[in-house]
Amino acid sequence: MSGPLIAFYVIALCVLSCAVLLLSARRVIHMALSVGGVFIGCAALYLLLDAEFVGVAQILIYAGAITILILFAIMLTNHEAQEPPFRWNVRNVLSALGCLLLCAVILLSIRRTAWPVPDASVDINGGNSNPVAIGMALFKQYAIPFELVSLLLIVALVGAVLLARSRKEDE
Amino acid sequence: MANSGFPIPIGSVLALAAILFCIGLFGVLTKRNLIMVLVSMELMLNAANINLVAFSRIQSKPNLSGQVFSLFTITIAAAEIAVGLALLLAFFRLRQSSEVKDLDSHRW
Amino acid sequence: MIAYAWLVPLLPLVAYIFLLALGRRAPEGVVSSVSVALTFVSFLLSAAVFVAVGSHPEAATSYVFHWLTLGSRSLDVGFSVTHLNALMLLVVTLVSTLVLLFSREYMRGDERFAVFYQYLNLFVFSMLALVISPNLLQLYIFWEMVGLCSYLLVGFWYFKPEAAAAAKKSFVVTRIGDAGLLAGIILLFLASGSFDDSTIFAKVAGHSLSLGWISGQALTTLAAILVFVGAIGKSAQFPLHVWLPDAMEGPTPVSALIHAATMVAAGVYLVARLFPLFAASPAALTTVAWIGGVTALLAALIALTQRDIKRVIAYSTISQLGYMMLALGVGAYAYGVFHLMTHAFFKALLFLAAGSVIHAVHTQDLFEMGGLGRRMPITMWTFLAGALALAGVVPFAGFWSKDDILNATLQTGHPVLFVFALVAAFCTAFYIFRVFFLTFTGEPRPAAQLQHTEWSEAGEGGPVMQVPLVVLAVLATVAGFFNSPLNGYGLERYLFADAPTGAGVLGRTFPENVGLMAVSVVVSLLGIGLAAAMYWRPVIRPASLANGLRLLYVVSYRKFFLDEIYGAAVVGTGRFLAALVNAVDRYVIAVIVRAVGRIFYAAGLFLKYTQTGQIQTYGVVAGCGLLIVVVIAIFRAGGVL
Amino acid sequence: MGITFWMVLMPILAGLLVLLIPRTGEVAHRLLALLGALAALVLACVAWARFDYHATGFQQVSSLHWFTLPSLWHGASGSGLGGLEIGLAFGVDGLSLGLVLLTGVIGLLAVLAARPAERTREYFFWQSCVVAGLYGVFSALNVFTFAVALELTLFAMFFLLYLFGQGRRQFAAMQFLLYRGLATVPLLAAFVGLAYGAVGGYAATAGAITDHSLTLDVPTLLHVLPSASAQMLPASIRHVLFLCLLLAVFVEEAFVPFHTWLPTAHEAADPATSMLLGGLLTKTGAYALLRFGVGMMPGEVRHFGTLLAVFGVINILYGAFAAWAQADWRRLIAFSSISHMGLVLLGIAAFNAAGLQGAMFLLVSSGLLTALLFFLVGAIAERTSTSRIAELGGLSRRMPVLSGLLLVAALGSLGLPLTSGFVSEVQAFIGSFGSFPAVSFVALLGVILSAVYLLQAMQRTTFGPLLPAYGRLYDASPGESILAGLLVAMVLFIGIYPKVIGDLFGLTVNALLGMGG
């Protein structure tokens, strides 16, 4: 067992337990905290997979911005809200069964597939550091998608402001 | 990087992503609170991101595309959560509720 | 000259187009003058053609142009001149000219005077074009056009409901016959590969007519009978004669035209023209003879009791057309055509004279007339000439032709038909003199005095009306001599020149039978005598006779109840079927359609409950569905285990 | 991009331009639509002028490639199917050109006859779309184009009915949409089947066709399909495909028992829409039967010939009897057109030169006459505000011109000689007597019945005493007279000189019969 492998299992355990915690949380505020754990665990996983830039971006955007945003939203709405106890009605049973089955199918597929052996000699960063390489890719190969995404962000921003603005102020 | 060979079995990473995805899906389908649903959706997106990053590293000709795509996904997830939460606020203001079952204006 | 025969029908067409261009408000004088002048020129041309064909029989030929390609076959139009055609052209143009002239005064003041002349010109054009058609298709085209014109003219006073109904009836009833004719000529075309008469005759003579499902004699008979159905409709033979009496709703000159020259003559002309076809099939000839004989008798019996002057003459036309068919049916081609010609003259005369009377007294009821002879001497004398010709009294025209027919019927061994024809001849003499005596002799009847003012003014029309009467009266008197021993049967010889192979088919002649001539004259005189005894010098009271023979009287007066029978059987069935189909449409098909719609509607009503609005439920269902698809796809691809 | 392409495009362009003009520019709307229809007609006439009567096949071909659908899988026959070319292609042969010219004439006159009370912009837009779609249907050179154009007519006509109809317009429009929309399902099934069937046909005529790919090209299909090998297209499949096509045709043509949408639609449509619907839209099915049925599956037409003939007669008689019982002129004309279409079916079933040519003539003739009848009935209804026969009477007195034109139209419709109706009927009957004599004798009853119901309606409408309510009606305006006069002139011209379209149709007839062997 190499170090990275042990680290991977630890991280995976953390991520999954946080996710399960999230599902079982009754109070919304607890859920928001546990999702932060999932995000940070994922970031660690990215770092482990040599994707430093993505990992950092994950911490900044998910663990930082999105979690806080969710907390704000909770505070602005019904922050005392409690999730009612889980009931085994038809819909939930079907959901559970479906998710389990899906999980099984995917896991079995993963197991059965002969994954290509990665060629460790290739440096995906092309000799640069990872952020530099990603920057080059974004501004060269993916320039147009990048611009489109920026446009999307603007639209989303404006849309979010418009939607969230209180109607009463108009009157 | 200096690592020779890849230390983590690809199957394990993908399995983690798959389990995370299914947990997220289960949350989306069963949680009553809209915020919980949105958050569960984030779990699913994260699972997809893990896959992307893993595939970026692990294929016969590794390249950066996976990581770039995961960046795009993160960006879009941010936009999505912003709009989603804005919708949530508007909905809450309208119905004084943040429960999914109250989103039923398309009922027969 | 013959090459210009196409001008004969063209001139009335020119007149029609000219009048159409002038419009419906054109001055009467211009309208009628142009029409009469052009038709008269047409008559002169016809006369020239008639003479030219007579002197150069070999010049009788046809000229055709390509009209339409049908697969590998070419359909043509054009014109052809034969001896029969030349004779018909002459008769039609002559009678038409006189009728057009007569109408000038008869229709004076009618607000649609110009339209009337338009229709008349179109009518004359159609008939002339029919006559010189080189093939059966073109003949059928103008055959229908003639029907159209008769529809328009019978319905000329369209605002009278009776006229509108009569117009429709005339068109529909003749249309029944036309359907048969169409089938007949199509079968002939398919079997012989041509609409051309001569080709068809050649194939008939060679017994080489053949279709997949029928051939030889049976096909000839079928085709001939189908063609004859057309003639039955057009020439108002039993059982399709019912339209002709109703067609009296049109203006009287129209009746004259229809009865003498244009419409009804077409049926007889058709049979005469296709005589070689009929001659090849004894069964078809027998059918023609029997239909003709029965019609002659039936119509004559009905004519005995009618009260309307025009209806009596109309039934007499039906009866006389029956004679012509009888003649053709027993194989006496020339006699049928001869009677067609003489009949054209005296029937036009009778109608125009009747028109003159109606013009004067504004009624058509015989029992509202009487004593008109003193006021209208020319009309009376000309009518008398026509009546004598119709009755078949020596030496008037009708005598020669009718006697020939009786003679041929007897000699070809049709004793029953001969008796029919003889009885019909007696009836003919009786009913036409009944009309004559009731109209022109005696005192004015009481009912007539209701219209006292008009009555007192009743009198002859102007010279425009008298000239045609006189001309026709002369013709009705002398036309019989065209085919009498006195000129060596000139008409027969003229017509026989058409026969493609010598005088074989057409040229059957029958030796004169002087005894029979005497019998026929005696029968006619008996009929006249009976009429005189009843209506001129009342020896026998008509009313008591009618009461004595109550049943027979009613049957005759009600026209053998044929209108009622047809009304119930044919029209009733048709209406019933129409209502049935409509009911099926509305209450079966529409209901089924609606039911199918309802099923889907109900399914929608039921399925809408799945639309709970709960997005998570949708998600579960969609997810499970997707999962099933994924699982199946994976297993199909080789499984995951 | 030849003239046929622009011919189809012109009305669409005009329609789009109409949309750009403000709501209030009603004159401009009409003018633009008119220009579009006129330009298309001129182009159609140019195509006619350039038409080579000695050539075989399609002429004035213009095509526009859109995309190539890549091969999806390898064909069962072993050779892989190549990509499928998708795009628009137009061109004319004799049959197409005849119907394209008919579309040009009736399309133009329909624009002139249109009298939308309001929303002229939408009206003329949709009307232009219908006209363009009809041009497309009749000149389509590939199956894809045909289907697209047919759908265009479907939706555009739906809106014309739904928005601008009268009475039960919404019901009628929905019924129209459902019937004809569903008809495209079997139609498309038949098209796909034919396209795949043609691949097998390449083997038989490999010399002629080098490209081993799936194609929707009509000339290729026409060339290949009649002799397609039984391996690729076994008889049972062919029969199913033909029956699919037939089902679609039956609905499109409103054949009994799929006819209920037609009278309802005519009852609801405004006169100009009725002209398009009755004059052109109900001819698309018969065109499809001639083009795809007779052209591509001649063996099946023969095989099902008796069935077609019997259905033809059923339609003739059903339509005629139903027309007899109708109380409304519009429904009467609708049923009369069903009756005519029955004769078309009979002519096609006969499968000989006369029958096919008669069927084609009937399409044109019935198109002109139906349009004329609907226009005149519309003009009368505009004055009397009813088209119910019982409520009319004696109209000749006040409207001699309109009544006269109506009489001409009725006479043409009942097949009077010297009108196009006669030329068509006589050819169809010559054909059908050649193949199905017994059935044809029964069909002759339709000739009589057409006289009965049309003249009865004429008698009750224009003859008889004038009803007091109609004492102040005015006769046809000059515009109406000219419009109807044009149609009458064409009806008479074809009746007197049938060669004018007979030579066009003869070409196609020879081609069709030549292929069938």
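Letters are used for the chains, namely A, B, C and D, taken in the order the chains are written, and counting of residues starts over at 1 for each.
Methods note: a residue touches a chain if its C-beta (ideal position, glycine included) is under 8 Å from a C-beta of that chain, and two chains touch if they have at least 3 such contacts.
Quick caveat, the model's predicted, so the values are computed rather than measured.
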Could you name the chain whose CA centroid falls nearest to the centroid of all protein CA atoms?
D
Any idea whether A-C or A-B has more C-beta pairs in contact?
A-B
Using mean CA coordinates as chain centres, what's the gap between subunit A and subunit C in Å?
97
Roughly how far is subunit A from subunit D, centre to centre by C-alpha average, rounded to an integer in Å?
61
Could you state the distance in Å from the CA-based centre of subunit B to that of subunit D?
56
Chain-centre distance (mean CA atoms) for subunit A and subunit B, in whole Å, is 5
Could you tell me which residues belong to subunit A and also touch two or more other chains?
91, 95, 98, 102, 111
By residue number and range, which residues of subunit B touch two or more other chains?
25, 29-30
Show me, using the given definition of touch, all chain pairs that touch one another.
A-B, A-C, B-C, C-D
Subunit C to subunit D touching residues, read off their complex:
24, 66-73, 137, 140-145, 148, 151, 155, 158-161, 163-165, 167-168, 171-172, 175-176, 178-180, 182-183, 186-187, 189-190, 211, 213-214, 574-575, 577-582, 585, 589-590, 592-593
Residue numbers of subunit C touching subunit A in their complex, please.
616-617, 620, 623-624, 627, 630-631, 634, 640-641
In their shared complex, subunit B is touched by residues of subunit A numbered 2-5, 8-9, 12, 15-16, 19-20, 22-23, 28, 31-32, 35, 38-39, 42, 45-46, 48-51, 53-54, 57-58, 61-62, 65-66, 69-70, 72-74, 76-78, 81, 83-84, 86, 91-92, 95-96, 98-100, 102-103, 106-107, 110-111, 115-120, 122-125, 130, 133-134, 137-138, 141-142, 145, 149, 152-153, 156-157, 159-164, 166-167
Give every residue of subunit C touching subunit B within the complex, in rising order.
608-609, 611-616, 619-620, 623
Of all residues in subunit B, those that touch subunit A in their complex:
1, 3-16, 18-27, 29-33, 35-36, 38-40, 42-43, 46, 49-50, 53-54, 56-65, 67-68, 70-72, 74-83, 85-90, 92-93, 97-98
